[in-house]
């Protein structure tokens, strides 16, 4: 019996969401009295695989088949089902990111498993297997009960955290035996956003809303984000107006984020916006309207002109980082 | 009795709401400030079918009932009465008049493009000395054999510049007074038509209002609607339906203001609690809600009667008078609830208040509606 | 090409979420139901593909699993332009249940659109499960899709960027924001025609329930916002470091 943790890579590198999934899986295995096993698909160097030991997993299955680089959901699900059978996995954990979300439902069908996506913590109970998950886009929590013998979970980002617990790692190569027919996707082009902190990974996010008045005023947001090593985001009206790209829209129908610190600058905090950011650990709001709903969700707030406040934030952040 | 809407009616209401809250809201303040005609909105609303809602599909309309029309007008007017008056004039004055009283040739030539919304219509009744008193027309149409020669001035004409098709109420036989009144279809680009300057209005600033001067304008006789002398009856019948449009517009202004005031009262804090918890505000909102509900019921009743083919002239007069008067009251109270914020443009309610004023004036003032209602009451 | 769009019936996104007294079920009283926002975007894209010049799209079908009260949502999809609707007459118990029902009716489609998740239970699972049950290729996080002869060209979001790729049909496209600019508002004529379009109602097949909800909770109330004045902006940043310890 074991807990299998899938850790995805981007160009051979693991990311925080994966380390968090490993940390979670290790704790889950301890709770269930079983063994945690990580599995990696694609061309990942040994040095990178060894890093997983920092988060408490001592056994890593690795299939270095380069064809996984196309991030083919069907092929990945097949390979993970193979790995799950190999280690007798009772529970499979994936990060709730683009790839995890895509693979998990296919894998659950293959394993005849119940799927809980967006799980937010360790099981409340192992029998019946009960785990909390976000529902209504963060506006409520559901206590999901899984009735099947095998379970698949995707872990909501930043809901558990990365826990360091160094152990030595035993890497085991495996071949899932996939044919070329299993890889149906042909990648033509990949565009990477370079030099920017990814919203999905950012520990800190600085977001602007309509209160910023226009795209010409985003310089301050970008400067603050750069000083703090933060990602930049915006509210829906801002992306609808074309001031910023849709990729920056956070909210119920845009990206759902859960950073440690979220700055809402000139964002009134419509219920759809709050749905996308309510998982943030600390929310700072600046808005000239004292009755803006964002202040209900915020931990720290300033009622005032964001144009006056932002330069002070930048100055204070500079001092802090100096 | 059945107060339920059909699924289609609800979908139409939702479509109008979506368009208003998604699109009209984007530039409504700017268009109000700059008095810019909403050309792109008229085009989009035409594509969605709002410009010829009640016209039969045989003439390229959507063939909807008047109840749907009320629901759509209310939703558009919550956000932007300048746009809704363009919709109202095209639908319930021009399209309705042509469909009900025009002949086949006129319907094919003029009604179809109006119902598709490719062209816009205007209804030219008011004159410098004949507004709500429609009997004393001074614009003359002189019989010249196969055409009329039209001379005179029309005032306060909604869509005057943007319209292609005018329906003009003229005097063809002054001796016969109102029995000498005749309705003509006039193409706006006919030689001899000039427009007065764009009226700089208090509200509904995004709709274009001008006076229109006719100087020896030739109008072919086949453009006469009905017989000579039918024009007064024509105008009165058309205005009966027009009142439903403006009543629903007034309703929308009131319900839009009520929605904004309610949301504001639940957010704005004073003396340690949201102002909705103060009875002075809560009771204001209750009074406003009752007025809005009454106005809505009057509008829907008039529309329902029209849909049933029953007389609705008195019902539409009641709806128009009441909805317009409460629109003024409710929007004024909405400004009051907003306090200082209500007096600045960003919060919309001052604009709704300015716009509500016009609903008491145009397409028959509240006083004229009371004449209609009281005559019926006293007969 | 025949397109199927999966349609979820969800509470309006502005709904204040409430549960029944013992917190075991969502309280639907007074709730306005809408097409799941991502499904609505998917449908909009499907209609764009159908209406494009030289389009090879023969038909757009919509399908859901739900009781009769969800038909209004399907009819809205028909009003937007879908040619046909299918409803499996059952309560949507869990993602696997829904996918199993749909698997029965999803034969013969070249392209299936599913929204990335439903805004109610955020399962993010039906599209992927259905693809697996049908043995169909799936692409997730799709933000753009062009139909070509015998294949589709897709843009999808990946961690840290985006990717264009091609895939053969039949294909399940699990879509998110960007797939269409804005959901389409149904035209009046579409609304009037919706009722005359076919809406087929099917009986469900027996399927186990794999996941259920024991109960629900609302998130714990946040402590009151700590307010600073405009002039104390720097102190707020200091508090983030010293008090909240997030800097």
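What to note about this one:
Per-chain numbering from 1; labels A, B and C assigned in written order.
The criterion applied here is as follows: contacts are C-beta pairs under 8 Å (C-beta built on N, C-alpha and C of every residue); 3 or more make two chains touch, one makes a residue touch a chain.
None of these values were measured; they are calculated from a predicted model.
Distance from per-chain Cα centroids to the pooled protein Cα centroid is smallest for C.
For the pairs B-C and A-C, the count of C-beta pairs in contact is higher at A-C. Relative to chain C, the chain whose mean Cα position lies farthest away is B. With centres defined as mean CA coordinates, chain B is found 53 Å away from chain A.
Spacing of chain B relative to chain C, judged by their CA centroids, is 39 angstrom.
The geometric centre of chain A is 20 Å away from that of chain C, both derived from CA atoms.
By the touch rule above, chain B contacts chain C in their complex via residues 7-8, 10-12, 14-15, 18-19, 22, 47-50, 53, 57, 62-64.
Residue ranges of chain C in contact with chain B, taken from their complex: 72, 75-76, 79, 182, 185-189, 191-192, 194-195.
Chain A makes touch with chain C in their complex at residues 8, 10, 15, 17, 70-74, 77, 96-99, 101-106, 108-110, 113-118, 130, 133-148, 154, 184-193, 198, 200-201, 204, 228, 246-247, 249, 252-254, 260-261, 270-272, 275, 278, 281-282, 284-285, 295-305, 308-309, 312-313, 315-317, 319-320.
Chain B contributes residues 267-269 to its touches with chain A in the complex. Residue ranges on chain A touching chain B, taken from their complex, read 290-293.
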